[in-house]
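Presented below are the structures under discussion, each in the form of structure tokens.
Each of the next two complexes has chain A plus one other chain: chain B in the first, chain C in the second.
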Partner chain A sequence: MKKYNLLFLLLFAVAATLPAQTEKGSIHIKNATVITITKGVLENTDVVVTDGKITGIGKSLKTPKGARVVDAAGQFVMPGIIDAHSHIALDAVNEGTNIVTAEVETGDVIDPLDVAIYRALAGGVTATHAMHGSANAIGGQCETIKLRYGTYDPEELKMEGAPRTIKFALGENPMRVHGEGSGLHARTRMGIEQVFRRAFSEARDYMAAQEDYNKKMASDPQAVPPMYDRRMEALADILRGDIIIHCHSYRADEILMLMNVCKDFGVTKLVYQHVNEGFKVAPELAEFGAMASVFADWWAYKFEVYYSTAYNAAILTRNGVVTSINSDSGDYIRHLYHQAGKTQRYGMLTDNEALRLITLNPAIQLGIEDRVGSLEKGKDGDITIFSAHPLSVYAIPQMTIVDGVVRFDIKEDNDDMRLSVDPEDTETMMLDYDDDHRCMEGTAEELFKY
Partner chain B sequence: MRKHTVRWLLPFLLLLPVLSWAQDERPPVTRAYFINNAYVVQEPGKVIDLGGVIIRNGLIEAVGKGLKAPLDAKTLEGDSLYVYAGFIEGLSHTGVPKPKQPERGSRPEVKDPGNPPNDVAGIQPERSVTDLMKADDKSVADMRALGFTAAHVVPHGGMLPGQGAIVLLGGDNEREMVLRANTSLYSAFEGGQRVYPVTTMAIMSKYRELYKQAEQVKGHAGKYAANSRGMARPEYDDVLAAFFPVIDKKMPVFFEVEDIKEVYRAMGLSKELGFNLVLAEVSRGQLVMDKLKSTNTPVFLTLDLPKAKKEDKKEKGDKDKGDKKETDEKDTDEKDVDKKEGDKKVSPEKKMMMDKAEARRDASRKELEEQAAMLAKGGITFGFSTLNVKASDVRAHLGRMIKAGLTEDQALAALTTNPAKMLGIAQVAGTVEKGKIANLVVTDKPYFAEGSNVRYVIVDGMPHEYEVKKKKGPSDPDAVVMAVGEWNITIQVPGQSTESMVTITDDGGSLSGTIASDGDSRNLSGVSLDGDNLTFGSKFEAGGQSISLSFDLIIDGDNIEGSVKAGGFGSFDVEGSRAPK
Partner chain C sequence: MRFNKNIILYCLVCLFMAGQLSAQVVGKATKGAFLLKNATIETITKGTVKGDLLIEDGKITGIGGAVTVPASAKVIDCSGKTIYPGFIDMGTSLGLVEVSSISVTNDNNEIGDIKPYLEALTAVNPSSVAIPVTRVSGVTTVIAQPSGGLIAGTASLINLIGYSPDEMYAGFKAIRLNFPSSGARGRRDRRSPEDRKKNEAKKLKQLNDLWEETKLFAKIKEAKGSDASIRQEYNPTLDAMISTVKGEQMVLVEVNAENDILSALKWIKDNEIKAILTGCAEGWRVADEIAASGVPVVTGPVISIPTRGSDRYDRAYANAGAMKKAGVTVAIRTDQTENVRDLPFHAAFAAAYGMGREAALEAITIVPARMMGLEMELGSLEVGKIANLFICDGDPFETKTQIEQVFIQGWEIPMDSRHSLLYDEFLDRSPGVKN
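Let's look at the complex of A and B:
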């Protein structure tokens, strides 16, 4: 009987899939100006990566066996750029049929063949947060991926060991899709709050029923466990603190609302996405410990995004909020270093503060700062080499390295870098350019229904 | 009305006793047949020249040289004919009518699209395909005419459409067709129509949830059976119960995969949940060869391919740029206009890019064509699945795969011995051997040779004969022709021909029409024009039978020519021209 119960418990354990064998490389970058982010800027310095990990930063280092040697004299080396809000490399973005879809995972629909991955690499990006869209108040779980372009195996893109994250959404998007489009709840911002409260309450009940069963199980062989429910499992994991919430948000009132909901349910891991009115509630965000991932200067694309400022990132930063700048786009993702530079014009952030917005800060928001986001011994060999200082408008990415493997080299940048070609598709070719924002992909029927 | 109908159809009805054994209501005179002096390919690489096959009561009674004709057997003259084991479809919808498709973009009437009833969501693993088959579905005759005699068939629809069965492609009713029922759980990354689960991520989640719930309920039921007093009773749920044999590894999951990403996804689910996986409709499998090998996953490759590259008709002109201008100016053929304009506008840089893109498309097409050859070379055993290929393309696609390096023996193995083994029916199918079910294909040249015709397909010991029809010209998908109008056509049935008028009308983009003869008019179904290829169907009831006619015609200006297939009776030539105004 005991053995049986053990088996039963195993049913509930999330099946751990073994991480795919990812390619690791060794590389020796020589004589560069190295922007470490955490330990200053080092002139005439080498960076050595051995089997995917940074093993040395200093002068006149030894080349590891089999390593590629890159002379970067006169060039700038920085940690690979991280985009905390992206929808590239995904075969699906929104499961827009239910206002709560916590059980779905973008990790199941990774598209390693998406040429947008290569384009992002050409902009110095090495990792992205492949997010579910904003159609649902509680959307799906997201996947932090490394841009290991060249593999066909979706699993190989997943950043092994990265914490779980989930997409939440406030305001007009979920209201339009579900309240207006499907004629169900929630039709108002108040209704959206109730969606969270109800979902968390149901998850609490589910957890209580499980606990009850676990207690009874020992003494009562006839105890029956509650029926396995993936949505409740995911919501319960949020309450347990195992999943970081990344919430699509614009208005200050809603931002405060979600913090209150989280406080009531003991949830502390909270990152806001877009946060256009974050500057209004920056002290409150800092006090809660919530983080913010914003656009540099993009707004007014719908009613709730009119009250905005290009000083948002600087104000949030100065108020002690861990802030990043994201792309949410297959186009902007290629020049996140320009986006970061805008905070020097609007807010006078220092070079290092500006570059933190696209490196270490997004890493902190994704919970991967011990692995990436800065150049330090022991961290992953995710590195970008620029022709000039990355905040200069003249800077051009020369080489992008992931786990010590060169995934983009401007010298080997052919016209057509697609991994897969449809023999019958003569229309789009490589001129097809993903500059659309995919946050609301898959919800057109709901939005345009009158 | 009825009189007219019969008069018009008279020529077809006369053929009934001659051409059809299977459809005749009377029992056949004999169930013994003898094929003699044929080139018998028992299995790939094992042939008997001038051999014979004796068939009795649905089984192969003898195979070999110097067999004597049994007294009661009907002899099918086999001189210069080739005999193969009947082909087997690894996974298909043959004999399973496609349910009516809801309008694109529409949503079924449901209270909550996030939580629809299972049948709307495409979750019906409890269904058996044997309850959904129609023995007289056109697809059965179509696939049989190509040499397929058995198929592993599955229902249509959604992520879990139901359970498969292995059936023979012959027999008077659905029951007779079934060789084995409930052989597989069919799964696909096929979402609901604007109801949960739409996306693959929701399908994957739902799949895991159902599977784990099934394990839970199964465990509970087992416990309950052992000690039920005082215990909450397990919920009866036929959807979850359908997973039980899968959990026990008594039933494999056949996953239809669209591309290699889906290969990885299906393999991931199988590894995570622990079920036995069979992949179907695999394309570009050579890219995941190592993984297929290391996991030993059985694979059925798709018989579908992208359209073959068209031969560039203007190649000569292109070679000589000097002449080109002149020929272009003279050439006012409407279909060349686009290209001509294109040529003038395109800059050399853009032209180079377009040529490069074209080269990549060619390489991609080649990759798809040579999949079978590469896997064979890599030592992977595979069969073919036919969920997505049009019957009329099957032979051409096999030809392209062979041209891309697949040997004829490997192709034959993928159609016969391999699927028989993979589907667990090698005891009774897959080779021409004594004791096996008499499923045979008889052709007038080697099956894969140019211009080879299928003469007989024997299913379950019952021969179906095929007339060699006059060769019609190949269709041209790019031709621009006028199908709309009235056509006088003659259907040429040996000894008796019939004249009819076909009227095709255009209802704002979709074609429809009627066929009329002797004052009787009936509507056409499935009227479609692909380039110069006009196809349509018609159906009639006669002598207690439903016979469907399917026309396949090529239009050339005011002339029309092709053939009509009349149920199981065979194919007849059709000729005609546009009716004078």
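Let's look at the complex of A and C:
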């Protein structure tokens, strides 16, 4: 009996170390207008997904065995929308206890039961960047997730193989939480710069100590290793180029500051988030190769976004900066196609330019463009079907598919799509529900609001 | 020494502001006679008309074919273009809030619980940067509303042009009442359901007391008219309430939760009040009851999250349409400050999710005008009405459409805003990186 127990335990241990097996599906979408993003718009075209991957785009394709067939005549098919800045599906957003918390990971607090995931699917979104908040200059590491709503396993949401990313934050948020809130460094944008210089310098020392130890090890097996430090490990990985920085930022000066810091430390993978004044330094961003993930039209809600323009995405795009439109909101994530459409009101981007802002460009910013962001053979079967052209304000998402599995179907949509209902939830109406899923969630400032 | 420092600082601030402002102030509006030629005219109330539209002295003086045009009229060719009446947003903080996170720039939320005497119009800043940003999108007229407390104050309708609040005033005022609610204020509202219930009962009693006190106050005031010996203490609160309590003046009743809407309807009926319900986020749950009451509704924001976790994902989008279908008179608002320009998009989402385009268009034009008793002046393109209108190159609900020219009270509005000026300056920034 004991033996069996041991065997069971062993089996369990093996199972626990295997990556989560995610569900893959096959689907045949017929006769649609297919917006590929990379290879034009194709009329009366089929898209075939086999076991989670796109295996065919063309006319009158064969249906793979066991595949669901969807007649999409008169409808528009595009790649699943990707949100490069979101806080949905997270139990916690800010570890606001220190101005540097590179050691924490949102991957540890994924909440697969968040109904916001379903609502995002109903807006055509298939992948999001589940970010740490903006309380700290160097916040936690983030997780790129696929919206595989239906699973109870947090691991299954994680996009296997997606590059590591980390949240940085400049300006008012870290200044308010630490400088004003706690009376600790930093209270100004001067101070914020030094947080990065100090952290990167310490990480350099940490790496040097490790290298010394590795060298010593060769001749001296008794050599004492340096103290292991998760924070330093993460910072060192940034310096090694293994982690992409996603930096919350607004003003032109602070944007330039972080590029200078990165240059000094040889860091090149840099994406700016929000970056409301990115348009002022678009040539510098383009030259550095830094990317920008912006709001379509948010401005004026605080001073550092007072000198903003809704033409930001258009100016950045025209200056050669890889730009995306993000939500940072449990509400806006549901209509990113509409937000992308605003770049036509403000800056007259072409249809394809506008749609790239919510598909291929955010994929590039997250380092997952070889997997998602366009409809191409070999890419993941992450697809959205709309009733009309997705940039039309009258378009309604009909079906959202992740890895070939239908995760939202307007025809099968029920009122209550929660996976788990809290028996103590009294279901009182809450107007500012969207206060959730935001950058400053969980900071003292926000808690004191009520 | 310190004094000197302050002076230097002051000068720096002035320099900084001057530098910024010089690039931000939009040009002057022009008044005169304008002939908008060969347009498609969406009148809203009288169908679609092909032809010309004449603006003189701030009014629409001709629509269609036989229009007598003064020689002085500036002719604007509108071939292939469409003219719509200016959009009306019946709930905004425009002009009252400049930067919401900086409290000293927020003039919408005064201390106190019952403050009907506060006039939003007093604090409307005609130079608010968000005003040009809003009007170039075709939104010409908005309600600037106070917030907070049981009676937030008196809201005012303003046109988005003018150098003083009085110039901007567009002819409608109403007291804004936040109807007592048992609902949670948000996820972090830690009050128990019992505490919330108690608070609701307390507020309702406060409200009923206010009504009784006002009635008594009004009686004494009336008696005083014929008997000079009667003394009455200064009481701005009760004085400001009289016309509302008597049912002469409209009151905007902010209410959102299902049960609260029902109690508000009962309270409105019992007290014979002229009311408009605002918000009504859960209006779809009690749409038949609202329709039966005959009380009109201003709902919005349309583009928002459902109020309950168990709600269908599109409830907020579909709310306006569901109420309209039940027979409720529905106008749409943004409840926004800097992005009131999104009003047509809120209406568009309502249109797509069950309301239909025509009703959604009416919900931001003629319906609000009628609600405010201003249907002879605003809300449609008709001869004799105020020339609040815009020219565009397509369906103004679509994001692709460009709004090409806006007129407010007959003024040809400069089509610039901080946003467009920054675009002009930075699209091809000079000097660039290398020079």
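Keep this in mind: the second predicted complex is superposed on the first by the 416 of 450 C-alpha atoms of A that agree within 3 Å, B and C clash if a C-alpha of one lies under 4 Å from a C-alpha of the other, contacts with A are read in each partner's own complex, and residues count from 1 in each chain.
One rule holds in what follows: a contact is a pair of C-beta atoms (placed from the backbone, for glycine too) under 8 Å apart; a residue touches a chain by one contact, two chains touch by 3 or more.
Source: prediction; values computed, not measured.
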item: Touched partner set for A:V406, first chain B, second chain C, both or neither; value: neither
item: First (chain B), second (chain C), both or neither touched by A:E155; value: first
item: Touching partner for A:E287 - first (chain B), second (chain C), both, neither; value: second
item: First, second, both or neither for A:D416, with chain B first and chain C second; value: both
item: Chain B versus chain C as contact partner of A:L61, first or second or both or neither; value: neither
item: Which of chain B and chain C A:P112 touches, first, second, both or neither; value: first
item: Contacts of A:E95 with chain B and chain C, given as first, second, both or neither; value: first
item: Greater residue coverage of chain A in the superposed arrangement, chain B or chain C; value: C
item: Partner chain in contact with A:L256 - chain B first, chain C second, else both or neither; value: neither
item: Contact residues common to both interfaces of chain A (with chain B and with chain C); value: 415-416, 418, 421, 425-426, 429-430
item: Partner chain C, residues of chain A touching it in the complex; value: 115, 118-119, 122, 172, 279-280, 282-284, 287, 297-303, 306-311, 314-315, 318-319, 330-331, 334-335, 338, 341-342, 344-348, 391-396, 413-418, 421, 425-436, 446-447, 449-450
item: Residue ranges of chain A in contact with chain B within the complex; value: 4, 7-8, 11, 15, 17, 91-92, 94-101, 103-106, 108-109, 111-113, 132, 140, 152-155, 182, 184, 221-222, 224-225, 227-230, 415-416, 418, 420-426, 429-430, 442, 445
item: Residues of chain C defined as touching chain A within the complex; value: 20, 98-102, 129-130, 182-190, 193, 196, 256-258, 281-282, 303-314, 337-339, 341-342, 345, 348-349, 351-353, 397-402, 418-420, 422-423, 426-427, 429, 432-433
item: Complex contacts: residues of chain B adjacent to chain A; value: 105, 107, 112-115, 192, 194-202, 204-205, 208-209, 212-213, 215-216, 219-220, 223, 227, 230-232, 235, 259-261, 264-265, 268, 271-273, 287-288, 291, 306-307, 353-354, 356-357, 360-365, 368
